[in-house]
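Given below, in the form of structure tokens, are the structures.
Each of the next two complexes has chain A plus one other chain: chain B in the first, chain C in the second.
Entry: the complex of A and B
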């Protein structure tokens, strides 16, 4: 599916760190090089299949935990094989690399390898809420959110995006990450100018609401 | 995978595996409990030890009455069983017959991966400096020199001339040295390693990994050791093996897919993987499918 999905809040994967997520059943390693470049690769070393999310970020390279092969940020090209340190790794030695885009608030991944970068504007001021993992299909979560959020109407922007008001002048946008068929991560962001003093109370309030959304979605999925 | 067929009870697994002997339990824990429940090729088994020392293994099938297995034996401190009709004896480890050696098992550990992946990891030299850093290898001694792999006349593969620097090759060694390794795979799920003994240059320490195929994607890794009797005792051998295997286990359980791919294009191999490449080729040539991704299946 040639489509961009949110996979993480931008600040969540810091430079020199490695994380794991899943999109439409595809396991991904998300890692950010020391210089700040974010990578989304198939979570599997092309050598012996070990999850790359077990590995470490070393500067501009990700190092596999099994044989310490190193893969370069951006291209995924293997740069070093310690078993044969004098040899230049072949160009085929790289994991599958997926395009990544950051809009200032979230990191987006497209599973189509040669997808063109989106030409959307950078995200304006706002506040990312805690992303919620739920054992419920995208359709269930969508249906639930369309019934309203905090007693305000929510509208469909597209299949995976919903928007509503969150106490004027703030708006709220929900972005659904299909993890597997029956699992969804709900990313959400309050949009508008928010005072520093307001951030923590807002996060608390919405965290309780989002948790309730998750519980209802899972209850609906269970029956 | 086709499971045991309850109607005609025909072998659900290729004969090369079904009709062979496999370890199903370690004797020592059975001596404490008298009964153990396990699985072989997805078939639930109960292993019992009577007061007179008699071992019995019963299989439980889908809607079938429980049945005692005909082919059960106890050897090397392990209980062995066959679900089919063995055409050859339990694998021989000649080192265990040398009377002065310390012979012991190393513990049995369940691992959520195909036993074939566990055997391949045991054969692997390139990971020693990283996964077992400080024990079986260490940086910067990461280079794997060319070694020889040849077929064994009775089936299987033999890797010789493997040499790696090890800071602590065994629980007895306080200093590192270059260790010579020989690997022999004589059964699809069993591999033996012979490594240079620091005291007796003519004899080698023997460590075997015996993977019990619980299901296609799950195994119990049994370990058997036979060491020349120099400053060793079975407790420290067991401790060391469990330490080492504890380092391998999280790697094994994070391999995708859990079955071993036999198609050489499925995973990239390098010169250091010569034994792994031969192992996969041999498995394909004798028709092993259980626990593997056969060529053309993916």
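Entry: the complex of A and C
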């Protein structure tokens, strides 16, 4: 499974903040250190198994909410155990760390721990749309998105490696995040220069269209 | 001295405690044994509130029930800035009232699911959870567009209102009722902003924000 999947718009995980997502059933804590480095880790403290997404970002470290153990950005290495302040934490004391790639618009994660970074050009100008969480499988969502946007130049990215997935420079780019077998997040970006006055109307229009696709996909899946 | 008839694990009591703390109003909390004693249904309590519900306040003889009504009273009586309950702005007041009603919906869905899971409340749990998700979807979409328009809070003012405090508890406690918030990233960011307000206090199940400011960094104000 050496593939890259979108997990969030870059701007939605600000420095000093923590987010929670899931990819192919694997729960992830997404967090960005004060310096800007984005991390995607298994969402489980190696100490007592509590969700790390309940924790807080403290500069360059993520601090577990349960016993305040701290883990370093990048490596995940435990740096501090409050109940044993003089002890150097074992090098094995770290959550599983997954490779993260940011293309300038969206963050991508590969669940193969030692995967090489993709070769991909940075995104050109454009506008990130609101990501839509859908209770339906990727295949259903893909089909209804293509129907719902039949008139547009669509660049649909799912389960591809990033290489070769650049697609047409204009139009709309959909990126599908398989959350679990029956859940999908649709990330999307309008490509090309966007007039500032058109920003909000475009966001609202596409949110309405993508939400309609979500509702159809969910109705179909509930049958 | 104001008396709050209080139950530590109640989200509706918690929102009243939050506003009292944020407005720095001294008060005495009178603990009511909601579970398992059901003291809120006892003869003496029903004389105070015939609905048999918490919270109730007694402010020098003025007895008020209903969490949202209590927030309206406290902000009107004790907030000299007029920002928590913007009485002189018709549109803002309408929006605040709209979200106070929404908060009641959160109580009867997410709040009821939580009492089902933690205190054996006899409700249709599937219906409660589905109802909660329907409301959280609306809230997440509203907050995402608010961020896009540069607004940090539920209502279009540059300061939180009682609407934020009214909705906050049962949103943040939803996972205790099996209503997972991973699909709602904008709600997560809003919750972090509430946690950074002066006078904020956590409760059981609602964790504090980071208290340590990293060297050279500032607390996150995402969005």
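Here is the rule we use: the second predicted complex is superposed on the first by the 201 of 223 C-alpha atoms of A that agree within 3 Å, B and C clash if a C-alpha of one lies under 4 Å from a C-alpha of the other, contacts with A are read in each partner's own complex, and residues count from 1 in each chain.
Methods note: a residue touches a chain if its C-beta (ideal position, glycine included) is under 8 Å from a C-beta of that chain, and two chains touch if they have at least 3 such contacts.
Owing to the predicted nature of the structure, the values given are computational and were not obtained by experimental measurement.
After overlaying the two complexes on the shared chain, residue contacts for A:200 are found with chain C alone; chain B is out of touch. Touch criterion met: A:85 reaches chain B, while chain C stays clear of it. Counted by residues of chain A touched, the larger count belongs to C, out of chain B and chain C.
In the superposed model, A:65 lies in contact with both chain B and chain C. Of the two partner chains placed by superposition, chain B and chain C are both touched by A:54.
Applying the stated contact rule after C-alpha superposition, one finds that A:73 touches neither chain B nor chain C. In the superposition on chain A, A:20 contacts chain C only, with no contact to chain B. Within the superposed three-chain model, A:46 lies in touch with chain B and out of touch with chain C [touch as defined at top]. In the superposition on chain A, A:133 contacts chain C only, with no contact to chain B.
In the superposition on chain A, the residues of chain A touched by chain B in one structure and by chain C in the other are 54, 65. Residues 141, 144-145, 148-149, 181-185, 188-189, 192, 207, 209-210, 212, 214-220, 222-223 of chain C are the ones that touch chain A when the two sit in their complex. Within the complex, the chain A residues that touch chain B are 27, 43-44, 46-51, 54, 65-68, 81-86, 90, 92-93.
Residues 124-127, 129-131, 139, 142-144, 250-251, 254-257, 261, 267-272 of chain B are the ones touching chain A in the complex. In the complex of the two chains, the chain A residues touching chain C come out as 8, 12, 14-17, 19-22, 34, 54, 56-60, 63, 65, 130-131, 133, 185, 199-200, 203-204, 207, 211.
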